[in-house]
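Next up: the structures, one after another.
Both complexes below contain chain A, partnered by chain B and then by chain C.
Moving on, here comes the complex of A and B:
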C-alpha cells in the first residue's frame, strides 16, 4: 500500500480498512470502540498553537502528509532485525515487532508462564484474555492535549503487547519488547498494556527504533496499571530515524501502596512529543517519572507531564534532564496536581536543561495546582551551560576540554538514569546514551 | 475544623478601613455601557486633542474584537457585565492644588484614608485620584524645582505632549490584551511623571486610588518617564468601599527608564472583595537601567496582574517582588513577565503567596531569552503558603532560553504553616492566632523588608492587627 494515509490534516478513509488478518475473531467491544475512535479522530479539531497544551510546540512540524500504512517487512529484513534485537544480557521473555507485526515467536520463560504470567501480543490477548484486557485497555483519557492522536492510535492499532503479573508473583528478570519501524513514510501504532496484580513486581523495557533512516510516524500508547502494593518499572527508549515523527501517550495508574517507575530516553525523531500521566489513585501510592532527552541538529522534543495526586500519603518524583546540541529545541510542560483531600502529599518536579550550543532553545513550563494544604510540593527548572568553573576543575586535573565536556554531560544525564534503580536496565540505557554522545562528538 | 476557622479568622485583614461611601454628585457621567458615543463624551468633557480620541477609538475596536482570555485565565471573568459599567464619572473641576480648596466631604474621605497624615510626614507629593479625576494634587516645591513633572494624565497629555506622546502606548500597545485595549479606550486619571536627567527624587511620590461609585470601572493610566541617570520611587495604595455589584478596575501603567535610570514602583492593592482588578503593568529599561516592581495584592475578587520588564539596553535589570494574600472568594492571579532583549541583562522574580480559607493564589510567569544574546540571567522563586484544607495555589511559569550563554533557574515550593512552629510558639505562651500570625509574617518578612518603611509597617499591621482581636 503506497497511497497517502493522512492527506493534509485528515487521514484518508481508506486508511481505516481494518488491518487484514487480525480482525475476524476480535471481540465485539474492541472493534466497536475502534469504530468510535475513528469518528472521534475525525471530529476532534487539529491542535492549535493557542491551545495551552500545545504552547511552544512547532505545529508546522506535526504535519504528516505523506504517511502510509506500514507494510510487512520481507523475510531477509525480518531476519536482520531479529539479530539487531539485543539489549539485556538476560531476560525473562521478549517479543519483536516490525511494522506492528510479529517477526519472531514470543518468548517467555516457562518458570514464569507456569506462575500465570501472561506476556503475549495484544492481538492474541484480546481473544484469549479478553476480560482481563478489557478492564484496563485505554481507560485513561489523554489529558495533555493529544485526544485526537490517542483516538488515531485506537483506530489504527494493529498490535502490541499485553503483560500481566498475577498476585504476589515477582518477575526476577525483565521482559523486553522491540518495535521496529521500516519503510518510507511508514506509520506504526505500538501499544503496551502492563497490569500487575497485588503484591507483584516486574520490570519491562520497550525499545522503539527505525530500521533505516527513512521518515515515518510512530503513534504509540503505553498503559501501566499497578495493583495494590505492586511494583512496576518501565523503560522506554525512542531511537527512531532523524526524519521520523513520534507522538507517544503514556499513563500509569497506581493503586494503594503501589509504586511505578517510568523512564523515557528520547534520542531520535525530527519531532517527537511524549505525554506522560501518572495517576496516584491509591493511598500511599508512589511514582518516579524520569526522562533523558539528547536532541541535536534541529530536533524538537516535547515532553508534557502530569502528576495527579488523588489520595492521601502519595508521593511523586519527577526528574527530566535534557542536553541540547546544535539548533535543538526542547519543551517541558509539567503539572503537579494535588486534588482536594489528597493530604500528606509529597510531590517534586525538576527539569534541567544543559545548553550545549548557542543556537539551542529550552522551554520550560513547570506547573503546580495544589488543592490540599498538608502537602510538600516543589518544582525547579534550570537552563544553563556547563560553567567555566566546572570545566576549569577538570582541566586542572589534566582532562582535555572536549573530554571534560563529555564527562560533565554524561554525569548530568546519568542522574536521571540512576533513578531507574535496576542495574541491568540502567546499563542498557547508558550504553545507548554513550553511543549517542560518541556520535555527536565525532 | 475549628482550627481552620480560627486560622482563617486570624489571618483575615481589616478591609473595613476603606469600607465607607459618601454620596457624591457627579457633574459628568457617561452613563452605563460602552459605545463610540461614550468615548466621544469622555473626549468632549476632557477637551482632548484629536489624536487622543482617535487612539481611544482604535483601542475600542481592538477591545471589541479580542475574546475574553478564558482559555487560560479564570472563568470568573465572564461575570463582568461590560454593559452595566459606568465608564466615566467626574466632578468636572480642575484638580485642586491646595488642601483648602478640596470640598469638605472629599476631605473627609481622604482623612479616613490617611492621606494628609502621610503628607505631613515626608512624602514629596500626593496625587490622590478620587474616582476618575484627581481631586487633589500637590508636589512639594523642592521636587518641582528640580524639574519633576507630576500631574494627572489629562494634564500631562494637554500640557506636555512633547514628552509624553513619544512614549504613550509604546510600552504597552492597546492591543496587548483585552483589558489594556479597554483602558486605552476609556482611560482617565492616573499619573504622568517625568524626572529630568540626573535628578534623584529623594522621597517617594505617592498616589491613592479609590473607587467610589457602584459599578464604576476605574481606568487610570499612568506613564512614568525617568530620564538618564535619574531615580524615582513611586507608590500607589488602593482601598475601595464595598458594594453589592461587581466593580471593574483596569489600569495601564507604563514605565520608561532611560540609560542608567532607576525606577521603583510600589503597589499595595487592597480593593474590596467585589472588585475585578485587571491591570497591565510594564516597564522598558534602557542601557544599565533598573526597574523594580514591588507588588502586594491583598484585596479584590479577582486580580490579574503580571508586571513586566522589557530589558532593551545592555546590562538592564528587571525585578518583580510580589506578595499575594487570597482569602475566601478571592483569586490572586499574579506573576511576572521578563523579556530579555539585550546582552547581559538580568532579571529576578520573587513571589510569595498565602492562601487562606477557600482563597486561591496563582503565579504565572514568563521569561524569554532569545538566541542572539549572551550573558543573560534570570532567577525566579515562588513560594506558596497554604493555611486551610480548602486553600488552593497554582504555579504556571513559562521559561524560554535560547543559546548556551545564559543561565536561568526557577524554583517553587508549596508548604503549610508548620505545626512544630505553632506548637513551639504556643509553648511559650502565644495564642494560636498570634502564633499563626507570626508565622505568616515570618514567611513574607524578607519581602516586606523590600517595601519602604511606612509600607512595610502598614503591611505587617494589615496581617497582624486583625489577628490579635479575632481569636479569643
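Moving on, here comes the complex of A and C:
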C-alpha cells in the first residue's frame, strides 16, 4: 500500500490493494461492475507521454507516494467543515461530504421533493432508485485518455450524489454539493450523476476542496444526462490543496433540443487534469463548455475536451480561459468532431491564455474533425501577456499598476464566467476567483 | 502656479530626439491649441506628459501647479490632475466601462474610503446621456469593438467623470465625422471652467471651430515656433504649415 502510483524504476505503485468491499445491500449489477473495474484498472497500462492523449503532460508530477483511501473525519473536524460549507445565499438543497462520507443530513426543499425531484447520496439512490441510476451510471467511456482512472474511480467509489429532475419540473434554485478532502495522502472519488427529464431544468454546483494543506488525491467523475428540451447548468470548482493531485472525468449527453452548460474552475492542486466530453446526441441540442484555470507556482493544469456532434442542428461553444503565474503550466487539447450526417452543426472552440510571467507555459492543441459538409466550425487559441498599451491606458487614468493588472486579469477570466448565465452561481465563482487573485497578489 | 508649465523640454524615442527645447505655459481657465505638421512632435508631447515609458526625457521640466510631473509615475500624474485623451484609445477586453471608471475614481480616494455606488451610477448615466452614449455601454468592455467616434466619446466621458485639473486632447478630432466632432466639442466646452486648463493638440483647424482656443501655438521640429490667438489657426489653414516654417527660417 505504501508504494507510489507510477510504475517504473524508481517509481512505486499505489492502490496496490484491491478496494474494500461494499455493503451487501447494494444491487448486484453495481457490485459486479465494481469488481470488474478493479480488474480493468490493474490491466490497463499506465499512460505514457508519447500517447497523443497525454502529450505535454508531466507524468512525473502524477507520481506520488503513500496514497491511502480517505478515512472518516472526526466529529470536531466534521462540524468545522459544515460551517465552511457555505456558497450560495439560497439553494434548493445541499449535500456535504468529507472524505466521501456524509457529514450532515442531506437537504432538499420539500417543494421540490413533492414534485418528484431526487437529490440524495448515490449510495442511497443505488438502492432506492436503482433502475434510474443504472440507466445512466457511467455509460460514457473515458475517451480522452483516462480509461485507467475511470476504472480506478469505479472500483474505489464510495459515494457521491444522484440528482434527478422529473419531466417538466423546473428547479428554480440551485442545489449544492460540497466535497472535502482531509488527511495526509487521503484519496477521494466523488461521483455526480445528474439526470434531467424532458422539458425540465436545473442548476447544480459542486465544490471540491481540501480541508487543509496536505497532499491528497481526488479522482472524480461527473456525468450529466439531459433529456429532450431540458436545460442543465453545472458548475464545478476545484480548490484542493496545492500539494494535491486531481483527475476528473466529465461527460454530458444532450438529447433532442436539450441544452447543457458546464463550467469548471480550477484553482488548486500541484497537478490536475480534467477531461470533458460533450456529446450532442439529439437534434438541435446545444452545449456551452466553459473553464477558468488560475495556476501559480509550478502548478500544472491539463484540460482535454471533446465536442462530439452526432446529430443535425447541434451547437457547441467552448471557451476556456487560463491566467498563468510564476512557472505554471497549462495544457489544452480540444477536439471538435462532427459526425457524418450532423449537418448544420455550429461548433466553436476558443482557448485563451493570459501569461502573467515570463516563465509560465501554455500549450494548446486545438483540433477539428469534420465529416459533414454543411457546418460552421472554428477554433482558435491565443497566449500572451497584458500588453503595454492596455496597462498604460489604465494607468493614465490614475489606476495603480497592480490594481490595473488585477482588473484586467479579472476581466479576462470573467468572460468565461459570464457564459454560465446564472447570476447567483456566477457570483459564487467570481468570489472564489477574487479571493484567488488577492492571495496571489499579496 | 495654477498652470501647466513646460520648460525647455527635450525628449527622444529610440534615440531620436523629437522634442527639442519645448517651452509652453497653459494657465488654468485657458484653452491652448497646439498645431503642427506630421512628425512635429505633437503626439510625443502628449505621451511624454502622461509618462509613457517609450519616451526618454533628457532635460527640461513639466510642472503641474508647481509640482514636477516628470518625477511621478504614470498613474500618479493622472491622480495629480492630468488627463490625456488618447488619439488611439486602447481596447481593454473583459473590463467594463463601469468597472473601469469606478476603479479610476476609487484610486483617487484615500485608503479605506469606498465609492458611493448609487451616486457613481447616477453621475455616470447623466454624463452618458449628455454625450449621447447609450447606457448599455456601461456593461461593455472598454473600447472593445467601439467605432472611432464611440471611442472618442468614451474618452470625453472619462474626462467628465474624472474631472481633471488639466486635460491634454491628442488629435481627438482624427477619425471623427462632423456630428461626432460636435458632440465631442460640446463635451469639452461644457468642461471649460476657470479651474481647468486644456491643451488641444490637432493637425487641422476644423476642431478649433468648435473648441475655440484662447491661444494657438505652432509646433515644428520639436519646439514652439510661433504663438498667437485663434486667428493664427485660420491663417495656418489658409497658408499651410510651410508658411510658418519659411517665416521662421527667414527670421532666424
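FYI, the second predicted complex is superposed on the first by the 420 of 442 C-alpha atoms of A that agree within 3 Å, B and C clash if a C-alpha of one lies under 4 Å from a C-alpha of the other, contacts with A are read in each partner's own complex, and residues count from 1 in each chain.
Here, a contact is a pair of C-beta atoms (placed from the backbone, for glycine too) under 8 Å apart; a residue touches a chain by one contact, two chains touch by 3 or more.
Quantities reported herein were computed from a predicted structural model and do not represent experimental measurements.
S.K.: A:50 contacts which: chain B (first), chain C (second), both, neither?
M.R.: first
S.K.: Tell me which partner A:415 touches in the superposition: chain B (first), chain C (second), both or neither.
M.R.: The answer is second: A:415 touches chain C but not chain B.
S.K.: On the A-aligned overlay, A:401 touches which partner chain: chain B = first, chain C = second, or both, or neither?
M.R.: In the superposed model, A:401 contacts chain C only, not chain B.
S.K.: Have a look at where A:75 lands relative to chain B and chain C in the superposition and call it first, second, both or neither.
M.R.: Touch partners of A:75: none, neither chain B nor chain C.
S.K.: Which chain, chain B or chain C, ends up touching more residues of chain A in the combined arrangement?
M.R.: B
S.K.: Contact-wise, after the overlay, does A:359 reach chain B, chain C, both or neither (first, second, both, neither)?
M.R.: In the superposed model, A:359 contacts chain B only, not chain C.
S.K.: Going by the contact rule set out at the top, does A:90 touch chain B (first), chain C (second), both, or neither?
M.R.: In the superposition, A:90 touches no partner, neither chain B nor chain C.
S.K.: Could you please specify the touching residues of chain A with respect to chain B in the complex?
M.R.: Residues 50-52, 55-56, 340-341, 343, 353, 355-385 of chain A touch chain B in their complex.
S.K.: Considering the complex alone, what residue numbers of chain B touch chain A?
M.R.: 71-72, 371, 374, 384, 386-416
S.K.: In the complex of these two chains, what residues of chain C are touching chain A?
M.R.: Answer in residue numbers: 50-53, 73-75, 77-79, 84, 86, 89-96, 99-100, 103-104, 107-108, 141-142, 158, 162.
S.K.: Chain C touches which residues of chain A in the complex?
M.R.: 387-390, 392-401, 403-404, 407-408, 410-415
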